[in-house]
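Lettered A, B and C in written order, each chain numbered from 1.
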Amino acid sequence: MADMSYLDLLMAQQEEVSEAEGGGGGIWVVADVVNGAVAPVTLEALGAARTLAGALGAYVYGVVLGEGVADLSATLYQAGADGVRVVDHPALAQFALEPYLKVLSDLFEAEKPEVILFGATPAGQELAARLAQRIGGGLIEHVTSASLDESTRTVQGAFPIYGGEYFEVVACPEARPQFLTIEPGAFSAPFLDPYRKGEPKMLEVEPGEPAVHVVGPAGGFEPLTVPLAQAPVIVAAGRQAGDFELVKQLAARLGAQVAGDRGARDAGWIGAEQIVDVRGVTVAPQVYVAVGIRGDTFHNAAMEGARFIVAIHPDPAAPIFQVADLCLEAEPKDVLPALLEALE
Amino acid sequence: MDFTFSPEHVALRRMIREFAETEIAPIAAEFDREHKVPHDVLRKLGQIGLLGVCFPQEYGGMGAGEAGYCILMEELGRVCTSTATNVGAHIGIGAMAIHLDGSEEQKRKYLVPLARGEKMAAFGLTESNAGSDAANIRTRAVREGDSWILDGGKVYITNGGYAQIITVMAVTDPALGARGGVTAFIVETDWPGFKVAREEDKMGIRGTSTAELVFEELRVPHENVLGKVGEGFVTFMRSLDMGRLTLGAAGLGGAQAALEWSVRWAKTRKQFGAELALKQSVQWMIANLATEIEALRSMVYRVAWMVDNHQPFAQLAAMCKMYGSEVASRAIDVALQIHGGLGYTRDFPIERAFRDARIAEIFEGTNEIQRIVIATNIFRDYGVRIRA
Amino acid sequence: MPNIIVLIGRVLDPSGIVFNRRAGRLFVNREEYLLQPADRCALEAALRIKEAGRLKGGPDAQVVALPRTLLPDDDVLRQAVATGADRAIYLAGQVANVDDALMARALAVVVERLGGADLVLTGATTLDTGQGQLGPRLAEALGWPQIVDAWHVEAVDGRVRAVRKEKDGFVAVEADLPAVVTVLPGVLKPRYPDGARLINVYRGVKEMANALERWDVADLMEAQALKPLIERRGQEFPPERERGARVSGTPAQMAQTVAEALGQRVRR
């Protein structure tokens, strides 16, 4: 017990972060706020920013806009920001382009960042492109990895081409600031250090009027039904899938379409138009999860083109394991509940 | 010699290919399975002007020439022989007769709606006694005042069950026979006396209407005589020559599809630890097939050029039809062999294409007749008459 | 002054390309170009707005196609005119590594020289690079409002109304004209070109004789302004696939591994 409290004492020495005076430069991250919290992509961007800052010898700043968002600065410090600006104003409660744009362009004209990171969210993309054109920087969108060209202090960003067949690496060698939008899930979120704290600067602003007004909900529109052959994510069941309900839940969790092999059809789980088979539908999704499918030639030939294949089957000799990227020799009924939980 | 397609034909092919792959290929099996004509597809083709592809723009057509028409037939033949056959009968013989020999009024009245796809055409020549022996037709047309009364019937008329305008050959003077005794008439199928007696239940091209027609005191106004009275034989020979070439183009498309399926399957299918594509026997089948296709392609488009440049082409058109139909049959046979058991099942399009391909050696002039045409022309060039 | 300007680009048909991870490069077996699918939807939206007749000029409103980047030939623009655009302007010029920042400035000058417009439409994203910045950049360069990722667009009494998909449903938004709207691919079905029009555009005859114009990009801006901001630094290929990798551990551990792999690849 005595050790624990001594440790507590040591750990409780809080790290108070303070910015260097006479700022300018630095790597700035514009935060996305989702459901009153800092979005995961913002934390990932902060992680990327910290790595770049280390190599550049620069500071990392976060800026969060919204209404009632002052407390969110704590998360940004914990994720590694050296400084945080908070713009708390009723006109910014919901994302609107012109008010956010004005606030940020005024801020960045004053602060002159070297690099500005946004999350590659719909709002982040709109803002980044418009801001880059306004204040004169180059923009790389959907960045999945970044490296530094230290001699010119230039960030080299890689982004996916044709949906990820390969990655193009580009950089903005001269114009500043350099803008990047960070692809969600591409960078790892940093460790949130609870003892890292700081005092954000609250900014007074006059946001201006939005130019686009919401009229109301629009009726008569349905999300697109993508044919199975073009579905980007597919969860397919086979005879060994066990509980088909779990398969459906997995599909729902991943936003995937449900399919199966002929065994699933015979079991009455899927319709004839959902059979993945050279005699049925040939698919080429980004992700294919085969649950309890043994994987005969006719099935495998119809999904080999999937970019990433996960297979779960109890038989180690199942042919599906010859085509899958991740092979789980296990009973689906054992793995699926844990998988559903892990995906929470 | 310039072997490139002109920019408008490249653009045309690209457009038709996209149409064929988006609007036709996904549902082609349905037409065969349900034995129904793809009216929706024909309507869409008409809306963008493709049902008048080779006719002049002043008559509602596209003005893309015979080359454009061959491109259309090739791209349609590549995805659905039934659709290609419907279109070929409409443009290549039905409307073509009016384009070749129609008066200005007839073109305005009939060719324009046909070119725009507002109405569909067919060509009524064949009878139960007169297939290859076309001159043996019996349908009679008798003058009565300012009209003609037609009596008789036709068999195996493609599009016959739904076309609104049919170019019908009838005997106007039995004594003169083919030379001077046959006349072409433009018949509107909603006139009294015109009847569709039955539809044939066929081995293949089940997405087409192949009808038996009956004419009972069918009154046709004199202004609907196509060309001159007694010169119908010339009209239909010229129409058939034009249609023949494009049948070769449709065969080219079908053979191309068979090649693509074969290559794709040979890449995918593994036996004895390796893809079929690595087996020399398969490689040779595909090499032979590809060579024949290239030869056919060169021939078809060279003859299309000759047509568009007003050079004599009848003999070469016969060669295109003959060779094209036989290459298509050989191609789908190879494709079936490469696909093995799977190709024999209805899950794959191979068996449908196999059934569809066979008719090309028979209709539009059997290949035997084509060979006679070719031989006759060759010997005539050397001064020998081999035909009575 | 045109009523609607549509920005159209092209992309190499991916079915003609082989991406060889081992060699670390791509092999173009069949060099064929498609129109950017999202740009085709933008053109379709423009034609429908024209046909609805609610812009100035009614059903005679003019649709003008401009290129999204500097192209080696005008085929993309011919296709746009064949599909129904009234006019197209081909921008001739050789600039290495043209980027969206440069094109936004150049296109803003073109719009100004055309006398302005009521609406600019373009695709929200490109099939190959997945970049959507051109529309917003042009909106900024013109100083116009922007609506991005539209499912549906229409003109309503001097304003543009678009439908966007938010998290919990579809929402209608409006902005005053002139405005820039970017259109998502796959929602509107683009029409096929009219056959006769296609033939005439490519032959440059009849009413299509003057539909295509050629401007020089060097006439639009000073030479030193014709500089792109972005530089290409190479390509990275994903590692070669290792199929058959076994995941070990308890079911819970296996599930964790899979969840992480899926989390990186599936956007929810």
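By our rule, a residue touches a chain if its C-beta (ideal position, glycine included) is under 8 Å from a C-beta of that chain, and two chains touch if they have at least 3 such contacts.
It should be emphasised that the depicted structure is a prediction, and the values quoted were computed from it without experimental measurement.
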Two chains joined by the most C-beta pairs in contact, as defined above: A-C
Per-chain Cα centre nearest the global Cα centre, belonging to chain: C
Chain A-chain B separation of Cα centroids, rounded to whole Å: 56
Separation of chain B from chain C, taking each centre as the mean of its C-alpha atoms, in whole Å: 40
Whole-Å gap between the CA centroids of chain A and chain C: 24
For chain A, residues contacting two or more additional chains: none
Complex interface listing, chain C residues touching chain B: 75, 78-79, 82, 192-196, 198-203, 206
Of all residues in chain A, those that touch chain B in their complex: 278-280, 297, 301, 304
Touching residues (chain side chain A, partner chain C) in the complex: 97-98, 122, 125-126, 128-130, 132-134, 137-142, 145, 156, 158-175, 184-186, 211-219, 221, 223-224, 233, 253-256, 286-287, 289, 307-310, 321-330, 334-335, 338-339, 341-343
Touch list for chain C against partner chain A, complex: 14, 17, 19, 26, 99-101, 104, 127-133, 135-137, 139-141, 145-149, 151-152, 161, 163, 165, 169-176, 179, 186-187, 229-238, 241-247, 251-252, 254-259, 261-268
Residues of chain B defined as touching chain C within the complex: 6-8, 11-12, 15, 18-19, 48-50, 52-53, 57, 61-64, 68
